[in-house]
Amino acid sequence: MLRVAELSAGYGGFQALFDASLEVNAGEAVAVIGPNGAGKTTLLRVISKLISPSAGDVTFEGRSLAAVAPHDVVARGIAHVPENRRLFPRLTAEENLRMGAYTSRRTYAERLAQVYALFPRLRERRHQPAGTLSGGEQQMCAIARALMSGPKLLLLDEPSAGLAPVVVQSIFELVRRICAEGYTVLIVEQNIRQVLKVVSRAYLLEAGRIVRSGSADELRTAPEIQKAYLGL
Amino acid sequence: MRLFAAALCAFALAAQAQQKEIKIGFIYDVSGPFAGGGSEPAQIGTKAAIDMFNEKGGVMGYKINAIFTDAQSKVDVAINEMTRLVDQEKVDIVAGVYSSAQCVPMVQQTESRKKFLWLNVCIATAVFKDRKLNYVFRPQAHSDQFGAWSCDYINYYAKSKFHSEPKNLRVAIIHEDGPYGVGVAAGNESQCKKHGMNIVLKEGYSASAPDLSSLVTKLKRARPDVLLHTGYNPDITLFLRQAKEQGLRVKAIIGHGAGHSQIDKLRQTFGEDVNYFHSIDPAAGQLLDPKTLKPGIWDLTQEMVKRYQAVKGPGELPPHVSMGFNNTWILLNDVLPRAIKQYGGFDSEALRKAALDTDIPVGGTLQGYGVKFYPPGHQLSGQNERAFPVVMQYVNGRARIVWPREVQTTDPVLPFPKGHSFAP
Amino acid sequence: MSDIFDVYLLEAVLNGLLLGGLLALLSLGLNLVFGVIDVVWICYAELIMCGMYAVYYLHVQYHWPLVLAMLAAIGVVAFLGWLLHQLVIRPVLNAEPINQLLVTGGVLFFLQAAATLAFGIEFKNLGVTLPSVRLGEMSFSAARLVAFGAALGGVIALWIFLSKTYLGTAIRAISQDRAIMPLMGVDPGRIFALTSALGGALAGLAACLLVLQYDIHPAIGLSFGPITFLICVLGGLGNMLGGFVAAFIFAQFIAVGGFFFAVEWGYVIAFIFFIAVMFWRPRGILGK
């Protein structure tokens, strides 16, 4: 479904990504794991065209995204939950969801019902400004906002970052449920232990390069990962 | 060969003759609110006078090279333009200037540079009063006279027209808060008090104020018989509009030049409502009775009207055209030739001496007044002591001179007749 | 005269209310544009001037019916707002605020000079006089009443648009986080252009109401530009409700202050209040 081929990208003179290649198949949940500053966020930002690559290509459903305008990526079926959630703090929770449905207004009511079914907590908070929600609720709202466009592929950038440990548990539970619903998910995480319980495959990104890939079980049991990231 | 030499010689002479010129820098406003308040008409009048001289070969063989600059209705721009004219353009004379707000700081600057400054339009008495100026001259009447004139006028007609003793007349004075408005209003207040009138309100406002409704409300509460008003154009329109909307009633409205003299514009906006309004200004030349003028002057007036209407089309000439034309004419026709002939040129010193010698009798200029400047030592030194303004009354867009009695062309209509929008 | 009930004081208060409506309408478009695009249109009042000229020429010169001329003028100024954004604002969108102020300030002088060249310095007016509304001793301008109504209507319409429609929500969202708008499928450039046109249309609406009361001349913006800007700052730049409230407070200071003291003092008191608020709440009465 998504194919990233030899992608390089950076900011100004700083290159954050070197020849990264990966693939996500329909219905799969795939993680990109790695330490802070490895280029994970950059990877997602290139896929959703917030930044342009310096080399390489991204194809989605067999078509290159090179000539697609940033704001047309959503309509192609890719929704991106950005790092730090990035809700519109002075819009209510429901208005944030409405922004998520900007490109698919006809199905708004139907999707809103689905999303509230998935996140009953949001329904209670729907008239509250998003900035006043708790961290966990904000993450739910950000994910829900992305789902409002009815995406074929969901990009999740560090959904557990900055959340209390108890809340992290419930967020991963949610991600697991979303994957179970049949969404294709590409998730980027530092919390490797947790994320590998949710996805089927993963790539290890270090200093801008994909250094390893394999099934979740393979990576979890790989000695160098256990040593470097899982503290075993 | 000899022919060639002669031709060369003639050519050289001609070239030299062409270089003989007098540079005069004129400062007016052709943008901003003052432009429509009379500054642009004054510039048109000035140009007409200069053209007429240059068409006849200039002044004593010197071509007049006039440089017109736009002060944009701003004080700082006026001062900068003056500095530029003097320092860069190296003009021999600075002249023009519409707004008193520009004149007051400007005289200081030209005086310290000993540059000859000839003021055509601005009227504030404060420009000269106690300033001990040596190189600044103004043939125009000054604002204290304006303010006094309206009070003298209503005082004279109090009994016969208002059927009231002057001391029972309720007078309100409102004015824009620049030197011009403040100066006129001060003249109003002292003269009306001298006649024992009851001043029920005196208040200034900013000419660019977006709202004057509370001023109108206060006027309604003060119930004046006569309203004395001094303002520029946008504020006069705004005031009259709000006054009408809020139902202000008075027996007479007397304006003091500037916006009130732009009768064509006021009529466009208010139509019949501005009938029987007054304005005080130096006389518009074309309104005078030719019999009161010296021979030949009336021809000038007609030429001025012709030239102005060629630019602006038919319609009543605002008095500012006469101010621009006549006061420039006095400079070119009287002062400059004397400076060249008797004082050997047109540097500031020669011009100053020539100006102080000026002695034109009443009726000797296009606006009716004579010219003699107060000498050094007088508190208004440089101001023309023979200048006077007139009170005009507008009926259906036509101005008639109603005061002073000596030049009156018709009996005034006082108070507003029944049915008039502002009549009680 | 009774000290307890002064009909003239009441007239001053009510006139202040009407003036407040006019000022509120003026502040609406400027606030909208600032709130969304984060750029202050210093030349806002000059756009209004253009709108006034548009009404004048269409109605007086070309004899269009007044209402039609006004609608067309709103369209013209909306187009000017759009053009201003595309030609002038877009290149400096990420520049220092001072540079943005300078370019829109440049547009102010350009429009003034262009209007002087194109329309001359003569004062123009529609020659339309609306009747005044009498209430006993008191009398009010119908043009002001209409402006007051239009300001209320404009605020309500804008509020509905901003809170109930996708586009309106996007306009509010973009001021909170411009960078992620593409992730919502929103093209920020389009929203900015649209907001600029909307701001222009509001300036056009203000022009239609001002033209009923004021003479048109190239410098008319000087009478309204500074006060509009002060009101927006007073209410919290970009905060439309704040601007609305501030307009009415400011107008009361002008009207009632001018009634009790000299008219000049009304403005002085209003400005002192402005400065005091800036110390007390630098981000404005309702600023965050």
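Things worth noting here:
Letters A, B and C mark the chains as written, and numbering starts fresh at 1 in each.
Simple rule for what comes next: a contact is a pair of C-beta atoms (placed from the backbone, for glycine too) under 8 Å apart; a residue touches a chain by one contact, two chains touch by 3 or more.
It should be emphasised that the depicted structure is a prediction, and the values quoted were computed from it without experimental measurement.
Interchain contacts link the chains end to end along an open line, per the touch definition above.
Across the two interfaces under comparison, A-C and B-C, the one joined by more C-beta contacts turns out to be B-C.
When every chain is reduced to the mean of its C-alpha atoms, the one closest to the centre of the whole protein set is C. With centres defined as mean CA coordinates, subunit B is found 77 Å away from subunit A.
A separation of 44 Å divides the Cα centre of subunit A from that of subunit C. Computed from the mean C-alpha positions, the centre of subunit B lies at a distance of 37 Å from the centre of subunit C. On subunit B, the positions that touch subunit C within their shared complex are 30-33, 35-36, 40, 73, 177, 203-206, 208-215, 217-218, 220-221, 233-234, 237-238, 241-242, 244-247, 265, 268-269, 271. Within the complex formed with subunit C, the residues of subunit A that make contact are 48-50, 69-75, 79-80, 82, 86, 88-91, 95, 98-103, 105, 145-146, 149. Against subunit B, the residues of subunit C that register as touching in their complex are 1, 8, 11-12, 15-16, 18-19, 112-113, 116, 121-123, 125, 127, 129, 132, 134, 137, 139-144, 213-215, 217-220, 222-224, 227, 251, 254-259, 262-264, 266-267.
The part of subunit C that touches subunit A in the complex is made up of residues 166, 169-170, 172-173, 176-177, 179-188.
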